[in-house]
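Shared between the two complexes below is chain A, which pairs with chain B and chain C, respectively.
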Partner chain A sequence: MKTRLCAVILSRGLDEMLRFCLKNFFESAEQLSGEIEAEAIVVDNASPRPYLGTSFSDRRVRLLRFDAPTGFAAACNRAVQKCEAEQLLFLNNDVFLDRSTLGQMLQHGCDADVGVTGSWLYFPDGRVQHRGVVFGNDDIGPYHLHRGQYLEPRRPLEAFQAVTGACMVVGRELFNRIGGFDESYAFGLEDIDFCLRVRQCGQRVICVDAGRPMHFESFTPGRVEMDVSSRRLFMERWRGKYTIDG
Partner chain B sequence: MAAKVVGASAQTNGNTGGHLMLYYFVPGTSIFGGIKVAYQFVDALNALGVPAVIASPGASAATWFLSHAAVVDSEEVRKTFRPEDIAVFSLPHDYPSLRTLPGQLVFHCQGTDPLIDPILADPAVKVLTCWRQAAEYVKARGVHDPLDVGISISSCFAYTGEPKFEYAVACMPRRGAELGEAVRRAYPAMRYVVIDGMREGEVARVLKHSSIFLATATHEWFGLPALEAMSAGCVVVSTPVLGGMEYLEDGINCRVAEPQDFTAAVGELLQERSAVSRFQMRQAAIATARRYTTECMMQRLSEGLDGPLSSWRRRA
Partner chain C sequence: MGDEMLELTVIIHTRDSEATLPRLLESVRWAEECIVVDMESRDRTCEIARQYGATLIPTPMAPRIDGIRNAFLERGQHEWVFVLDSDEYLAEDAEENVRGLLAQYGESCDAFFVPRYNMIAGQIIRSCSWYPDHQIRLFRKGCVRWGDTTHKLPELLTAPERLHKLEPPGCLHIHHENYTSIEQFIDRQVKYALNDIYPEDGFSFQQYVAKAYEEFFFRLDEKNDGELSFALATLMAWDRVVRGLIHWERLGRKDSLSRAYSLPIATISRYPDYVFPNDLEELRRRVQMLESAPGVKSWARIVKSFRRERRKVKEHLKRILHCFRK
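This part shows the complex of A and B:
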């Protein structure tokens, strides 16, 4: 029996970017067509010009519309309730997967001890956007390791305390068991919070070398400002409760 | 129908979905070797596929050394502990409360005080040891033979050719301060750097540039700081210790001197004519420390997981 995989893609505007994101997701899924059944839920997060059901020619895409801007956590949690796939892929609309990405992520992500699987992501100029999140002392907190550097993976996978939610595979059972993303976060760091809670359950969080998926990062207007309150909340909740590895 | 997702608001101690979980109970986050050894042990288990976390009061994480280990609240763990779970501890005073938990109890022996004898006499407790002297102690007094899982030095201490200041002496006078003071008085021209209370990375930087390390704690069980200093290329001058004698070889990779001879031993080492011997001991010390890498410990632990600890492995 095929494993069902559902991509949850939160999006506001950026229609063309979303179209390419979906195209790349399904192309990557097609490499595993014998093994997985892929679908996508596009969460229209109050786009000024709403997406229409007819916007997506692919019948595997479903649309979930929020008329008011909704936090990443709440929107993703609602989307997960609408699907029944065993594996969930949280994917930003500005991430373009490589053909080999899903194969690599699911190969490792289905291991019993793995709770969350992230991927190396690259800026369009080839610099590293994400290869795992590490934690610094005091006010440094979580940050993307080697962000902005030109670097090639040396190992197929590495364990981290957290990975970015921009491209993250997690089993549906685990996601529900630990209560999904924490909706107290405005926008940002709910993914890191989620990973830390996953690890408290004894599950590993890994980041894999999965081709060269691209991440443009923070294209959505107003996105960056929301990081400030999220970071404050994260530090209130987690300061002194994570180990230092960066 | 999809399960209800409510949006989490708290941490998720012990929600393991039916898998066994290993909890390593620690008393807090303070700077002493036993805490670091606990985190290293959990890191190694995680890397080998065993679900393990640190259980600490208030879920406080030690932040003075590098680790990936997840930390949960020990009080919450005690409330939700299940028969399939494993409780590991290293401090004897945790034994009375942990023995009432329903799961497997494991004593990670990091010291050989008579206080541990009741633990060793309990047939329900599995005992792991970190070094040879502890294993011998457990064999002599315990009801079960221990499993030696080893101990390791963080890779940040590994000497990578940093310039050594021949006049720099590092010391940790938390115990045996009077010996350190005597050395200071006798050789005031040396530069002494106290590493007490520093984060691991800072300690490693100091040690890599220091020539000599004074290990003054006369009743030390193992002396992890001395071994870390050897890894960083220091010549260690140590008082005789219990477990540490498995790596300390007087005149070969260090100097071992009784407290009354300690100052003289340092003085002899500082002589111009001792330069070659200092160099040779430094090289031997680095070679000795390589027996205690994380990889070596993980290899030993992996063998344990293929044998007596096989029940710790996660089942798919």
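This part shows the complex of A and C:
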């Protein structure tokens, strides 16, 4: 029986970008058509002009509309309740997957001791956007390793304490077992909090070299301001409970 | 999402609604009571309503939907009522939004003015004449009454200040998939026009024609809605003219229609009060104010300041101003 994979994509406006994101997701999924059955839930997070069912020609796309702006955690948790897939892919609307991305992520992500699988992501100019999240001393906290550098992967996968929720594969059973994303976070760092809780369950968090998926990063207006309160909450909860990298 | 169902009665009016009813019923599952008032559906509407556990009340076909709404408002067992049509639905977070509104304003107001998105011919229309399209649908039982009309706002029976207006963005909305095509839009407009009630006196075809121009002008918003905006503005203008002709015939074809055929330019210069009466009044006020100030009599200046505020009426103001000069 094929494994069902559901992409949960939270999006506000940026219709064309979302369309392209979905196109890339399904193209990447088609490379595994013999093994997985792909679908997507688009969470319309209070777009000024709501998405329509007819906006996406693909019948595998379902829409979940929120009239009021909703946090990433709450919106994703609600979307997960609406799907039955065994594997979940949390994907930002400004991430364009490579054809080989899903294959690589699922190949490693299905290992018994792997809880969360992230992917190397690149800015459009080829610099690294994400290759794993590391933790600094004191108030530095979590940050993207080698962000903004020109770098090529040397290993197919590496273990980290956390990876970005912009492109993250998680098993549904594990997701539900640890209670999904923590909805106390306004917007930002709920993914890191999630990864740390996954590790507390004894599962690994890995980041794989999965082609050259692209991430434009923080395209949605007003997104950055919310990071401040989220970071404060994160540090209150986790300071002293994570390992300082390097 | 609350664990307990919300003590609220949802009343839905249906007629051959099998295509849209499941989506609506799914979107209000959190309401404790759901009543479907069905007007002689010939499809699976009643069966779907029963499947979702709604209370089904059959009622004979009525030419005007608003009039029959009143008859069922008291049937619900809860204090708060949400009235919806079968081609409408609510968003995923409607429950939280309604709960929040009732908790915050339930004591201080009797009804909510809820914005509505309208989807016409596959597109959500965002021109200011179609959006936010506020509707009084969520209210305290006994506080609202509809007239014998079709798709008009009801009257709030308590006091205007007891109406709480929701200001978009980021608030509860009604989502309305009005018409799937232009053809369906035309079909419905004709039906509504034919089934409407027209007053026995005060007929003026000029007024209908002037309203047609007004409709066209205010509905047209190419920037927001593209080419479809032209089609809808034209249809709404046409609707006014059609209504004028129906009214004229129902009154025995007594009045002359010909005076209206010198429109549009002549209308605006000859009958300026029919077009934009509020704008005209404001312009008059400003002219008087400026004339009373010694040394300030610049027409251009008046028009410029007025244009800045009301860009849309720019061209029409030129004509109105021309009329004033005479």
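In the analysis below, the second predicted complex is superposed on the first by the 245 of 246 C-alpha atoms of A that agree within 3 Å, B and C clash if a C-alpha of one lies under 4 Å from a C-alpha of the other, contacts with A are read in each partner's own complex, and residues count from 1 in each chain.
To be clear about the criterion, a contact is a pair of C-beta atoms (placed from the backbone, for glycine too) under 8 Å apart; a residue touches a chain by one contact, two chains touch by 3 or more.
Everything quoted here is computed from the prediction, not taken from an experiment.
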item	value
Three-chain arrangement built on chain A, chain B and chain C clash or fit	fit
Partner chain in contact with A:67 - chain B first, chain C second, else both or neither	second
Touched partner set for A:184, first chain B, second chain C, both or neither	first
Touched partner set for A:173, first chain B, second chain C, both or neither	first
Chain B versus chain C, judged by how many residues of chain A each one touches	B
Which of chain B and chain C A:50 touches, first, second, both or neither	second
Touched partner set for A:137, first chain B, second chain C, both or neither	first
Angular separation of chain B and chain C about chain A, which is computed from CA centres of the superposed model and rounded to the nearest 10 °	150
After superposition on chain A, the shortest CA separation from chain B to chain C (Å)	10
Residues of chain A that lie at the interface with chain B and also at the interface with chain C	78
Footprint of chain A on chain B - complex, ascending	2-9, 11-17, 19, 21-22, 29, 39, 46-47, 49, 51-53, 59-63, 65-72, 199, 314-316
Chain A residues within the chain B interface of the complex	73-74, 77-78, 80-84, 112-113, 137, 159-161, 173-184, 193-194, 196-204, 240-245
Chain A partner contacts - residues on chain C that touch it in the complex	1, 91-94, 96-97, 117, 119, 122-124, 126, 169-173, 175
Chain C contact footprint on chain A (complex, rising order)	46, 48-50, 52, 54, 64-70, 78
